[in-house]
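Presented below are the structures under discussion, each in the form of structure tokens.
You will see chain A twice below: alongside chain B first, and alongside chain C after that.
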Partner chain A sequence: MAATTAPRTSKSREDRAESVAAYALIAIPMILFLILNIGSVAYALFISLWEWNVRSGPVEFLGLGNYAATLTDPIFLRGITNSLYYAAVWVPLTMIIGLGLAVIVNQKIRGRTFFRAAFYFPAIASSAAITILWIFIVSPEGLFNVVRGAMGLNPLFELLGFGPKQNWIGDQDTALNSIIILNAWTTSGTFMLFYLASLQSIPGQVYEAAAIDGAGPWSTFRHITFPLLKPGHYFVATVAVIGALQLFDQAAIAGGPGGDPNNSLMTMVVYLYNAAFLQFKFGYAAAVGIVLFIFIFGATLIQRRLFGQAPSW
Partner chain B sequence: MRRLLVLTAVASLIAAACGSGNPSSAPTTGAATPATSVAPPGTSASPDASAPTGYDPTAITGTAQLSGWRSSPEEGEALTQALLGFPAAYPNIAVDYKPIAGDYRAVMITKISSGEVPDLFYVNADYAGEWIDQGFLAPLDDYIAESGFDTSQFFDGYASIFKGKDGKTYGFPKDGNTIAMARNTELAPTAPATMDELITAATALKGKDGIEAPICLNPGLDRGLAFLYAQGGSLVSEDGTTEQISTDPSKVAVQWYMDLFKDGLGKTAAEMGSGWCGEALGKGQVAFAFEGGWVDPFMVSTFPDTKYAWAPMPTGSSGSPVTISFTVSYSIGADSVNKDQAFVLLSYLAGPEGMAKWTAGGVALPSRKDVPTPAGKEVLAESSTFARPGSGFMPGYVDVQKAFQDAFTAEIQAATYNGAAVVDATKAAIDKALSQ
Partner chain C sequence: MTNEVTAAALVPAAAGGAPVGDRGAFWRRRVAYTLLIGYALLMFVPFAWSIITSFKTLPDSVRLTIVPQPFTLQAWEFAFTQLTPSLPRLFLNSGIIAVVVTISNLLLASMAGYAFARLRFPGREILFLIVLATLMIPDQLRLVPVYLILNFLGLTKGLLQYGGVILILAVSGSSIFLMRQYFLSIPRDLEEAARMDGAGFFRTFWQVMLPLAGPALAAVSILTFQGTWNGYFWPLILLQDQDQWTLPLGLSSFRLAGGLATNWPPLMATVVMATIPIVILYLFFQRYFVEGIAASGVKG
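And now, the complex of A and B:
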């Protein structure tokens, strides 16, 4: 009997030691997470209830006054509209491009490693540098206007109401769409990687069976690949919507903290930055941040309802 | 063995997390003091400001951290030159110059909120009022009284912006700049003296090969305000308490400015693919640009072949010469640690010697009457005599500026050119600002 109990005691002591070590290892990042993430959100919630002086702290308790002000602030409401429009257009566009790139680089083609790296490169380059480069490209004298002119496409653009020297980023009607295209280009590589991982987890036998049944490439994609990518769609859409609603750097670099021209590049986060650092209204800015959190959380819950539980096979 | 390895790893992580913080930053070489290797001895001596003793700035020891933005290499060089003379006068105070890159206001707000404020720093007139009201800046009156610093030499138009509602002084204007007319002398050999002459000259140049537009204009009040004043308009009354944008002269002035765009006489720099009007002037895209002295070092370094000359802002229908000016102060933070040392540095940089060295760099004009005008800046300096503040003259001006610019931009981009819409939007912003 002693021979059978001794190994079990040794094993449970070992398990306990492993558990202690595991908790100890995650303790530090968890403490940091609780303080820096959860704690920051809680502090922002507290600040949002006050008129807050940057230097001296709470000035006057406002309750929900800051939140009421957000509902009547035309510039913030414009920021919400812009952010929702951006998400509604950019998310599906970038998902489609990312999925397309993933399907392409998933094929056994020559140089696919190079293409994977090339498509992903904009995602790791500095967003500030790329945005400045983009501003030059879409300026009146920029590369885009010059190339389309050289290709004889100006009459087509004239029909759409755009002159040969259209200022794409400086025109209030095209500024946000310019940013959408910029970000669709830079982020599609990231989504390509996400979809690639999902594609490569689809069992090959499924495709073999489809081939035996005589399914062509489009049919295979439509009836097999696309549905089986549901986990990928769910993940990419969730990440994309969260990122879209938090659009800041490209809009702020192109339009400044004022969302110029004429608030066309004002997003919720740009407005939060404006309220905090240009208007010094930290309480109001915190309320804007909480409203943004509610939007993102709500969007995530809706997506979860739409996509259901992330399936696996 | 395995357990020992795991525990060692955990201990290492804990040690790393609790390890020493970032090393404190050493004084930057950007302080440009020849004697940077000679640190001032010991802790600072802080003379009691209330003690009725003679003020001896040379007896004050320690470090003064100076901060501000650096908008161009020329500006950095000019400040370096200005700081060179400080150690000779005050060898016991070391200057630790740390310029702030990026969004200056945002960085300063984080420093103010954390209590780690530079000792002496720039404050733009745009937001000086807000910073004073929020208690970010230290009043200087006690220092002024103790040191006997002569503030009467500052141009009142600059100095008044840095006075709080309590009448106290919260900064000295480190320089000023006025808006004047820079014209391409090959395209416009003669300087128009009135707005009517400007329109005549611009009309003659309209459609000329090689230029995008006769005049480079801004859709905001940063330049538009000068035209508004020239045409007899105004945003608020002299005492800043009553809205005046909706008066008839102001409405006419706004529409007159809008018509410059409508008639194709003016375009924004962005429409021409330039970052600002100075660049448009340098590229030869326009014949006239309304800018300040910061154009000179830019043109010398970037567009040396473009020939241009300065002329005062043309006189408008108001009948009197008028333009707008901008200024920035040196101020001490309410939470600055080395206030005594900072005031010594402030009195040097804003004094006649330091300001003369700074303005010799060509970036800005003196804000003092006893500092000679740098060569080539005579027109800009003369404009100071009839310049009105271009910012900081009313609370919430940043919001008023934004409202004007947004509405103006909307009108010119939609090609509706309706000045009334701009007046309405600006009036709403002014009413809100004055009510707070």
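And now, the complex of A and C:
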């Protein structure tokens, strides 16, 4: 943000006209933001201190009671564990695929526009459509099970303990991992585009110098590309972790608002939705929202420490 | 498209780099292209499968037949006539909300983006910080208060439910950010000439700056339309009446409670219906999808 302050001149009437025009241009968005964003956060903090009735408003002041209740509910703790597990597996997996794809489509290869477009393609569909499609594909009689059977891979899966009609999304041991693979598939194209923008900001001379020194492709990647992508890693990791902790659509569509089967798809946000709109505990749900925000904020701070100073984007 | 790529892989010299006669490089290139094409195809397989399945009968839907046996339009007929809420209704609702939200983002974000990029006014820095702060606040944190505020305003009942969804999506911080960045990159000469000729701020914006902002407006339109058409969270919370549901809500309810649980062909027909408009947009405006995402990536 360029800090330019208006110099005091005699043309103060024109300055006034400029200010008035500016306020008129930004008025509607700013009013919406002040009420629905900034105001909402303050309101959420307030609501979270009360037992709150949807119709009549505050019922009883609980202080930090709602917060204490969240952290002692085993189902919310399960939600936290699931969300953290999802973040811990999905974030690195999707970043690695995204980075790999970006490095490939950044080469001077034939048809790279096509490859970029193809790899991003799964990201354009809605979470609802793609999740239902995925439920079909990994269902007991779905494409995945049929294809692995036809390829003769069933003995391999048998070794891992999965029968030929494994219900991947309906089995509590594999449900969350199925969602991880779904989202790695759909989101790796987005991360590819993020990394691509970052890759293109590395000056070409760096690679020319490496080529003169006789560095091979792997050692160029390992010692030059990867470290120079640090701002890219920071950005993608931050966006990814924030998104991961907010996992909702796919889990709620596959497992319903109860995170079925057996809480295996219960995430922090599914729990929040459940508390607000199935149990109508608005004060409690507001407290869950604040706890969620603390998790997201904490994760962002940790990443900032890990990656050093934030880049200048 | 894939055929061209395969042909290129067979002619390594044409693809540059490898000297003619270097057999190792030739094979490496072939293997690399085969893997790339295979992976690219994998991106399309599930979508292709949903289209194929929508023309199948239920018993055939769980078999590995690429050409439906028999080929039938039953599932499509079912999807269009037997579902509640009906598929055309869901399609219409999604369309109305997505179009209105896109227009509103275009108007509001281009005006605000211009003001933040070009005009000087007291409080500009702090107000822009508020715009950036909206990008950091998770929607889930806002869920309860936003619902209560819209409920208080009467926007959670009847036809006004559309209004609630539209209001919450009317302008996004990222649209404003994208527009501002683009206006900052336009040289000042043109608008200064217009100002010299006596044009006011609004006319300068409308007649000089806006026509120059085509690519940014395209990116905002595409990203907003896609995001709204696909959106699940806010519609789920704010659209209580079935008649007002959007496609994603209808879809997830067909899966859970609508009796289609494992009636795959009609379920896949609805998936295809929900995805087709965005696929068409992607085919025509692929560049703006890719550039819009990349721009939001570089600049946060």
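In this text, the second predicted complex is superposed on the first by the 278 of 313 C-alpha atoms of A that agree within 3 Å, B and C clash if a C-alpha of one lies under 4 Å from a C-alpha of the other, contacts with A are read in each partner's own complex, and residues count from 1 in each chain.
In this text, contacts are C-beta pairs under 8 Å (C-beta built on N, C-alpha and C of every residue); 3 or more make two chains touch, one makes a residue touch a chain.
If you're wondering where the values come from, they're calculated on a predicted model, not measured in any experiment.
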**Request:** Figure out whether A:Ser56 sits in contact with chain B (first) or chain C (second), or with both, or with neither.
**Result:** first
**Request:** Look at A:Gln172 in the shared chain and tell me whether it touches chain B only, chain C only, both, or neither; answer first, second, both or neither.
**Result:** first
**Request:** Check whether A:Arg305 is in contact with chain B, with chain C, with both or with neither, and answer first, second, both or neither.
**Result:** neither
**Prompt:** Which chain, chain B or chain C, is in touch with more residues of chain A?
**Reply:** C
**Request:** Look at A:Pro261 in the shared chain and tell me whether it touches chain B only, chain C only, both, or neither; answer first, second, both or neither.
**Result:** first
**Partner chain(s) touched by A:Phe280 [first = chain B, second = chain C, both, neither]** = first
**Request:** Figure out whether A:Ile124 sits in contact with chain B (first) or chain C (second), or with both, or with neither.
**Result:** second
**Asked** Considering each complex separately, which residues of chain A are in contact with chain B in the first and with chain C in the second?
**Response** 17-18, 21, 25, 28, 54, 139, 141-142, 273, 276-277, 282
**Complete:** Residue set of chain A touching chain C in the complex reads 1, 3-6, 15, 17-19, 21-23, 25-26, 28-30, 32-41, 43-44, 47, 54, 104, 108-111, 114-122, 124-129, 131-137, 139, 141-143, 146-147, 150, 189-190, 193-194, 196-198, 201, 235-236, 242, 246, 248-249, 252-253, 256, 269, 272-273, 276-277, 282, 285-286, 289-290, 292-293, 296, 313
**Item:** Residues of chain B that touch chain A when the two form their complex
**Value:** 3, 6-7, 9-10, 13-14, 17, 103, 105-106, 109, 112-113, 115, 127, 130, 134-136, 268, 270-273, 334-335, 398-399, 402, 405-407, 409-410, 413
**Complete:** chain A contacts chain B in the complex at 17-18, 21, 24-25, 28, 53-56, 139-142, 165, 167, 170-173, 257-258, 260-263, 273, 276-280, 282
**Request:** Provide the residue numbers of chain C that touch chain A in the complex, in ascending order.
**Result:** 1-2, 4-5, 8-9, 15-17, 33, 36, 39-40, 43-44, 46-47, 49-50, 53, 62-64, 108-109, 111-112, 114-116, 119-122, 124-125, 127-128, 130-131, 133-134, 137-149, 151, 167-168, 170-171, 173, 176, 200-202, 205, 226, 229-233, 236-237, 247-249, 251-252, 255-256, 262, 264, 267-268, 271, 274-275, 278-279, 282, 286, 289-290, 293-295, 297-300
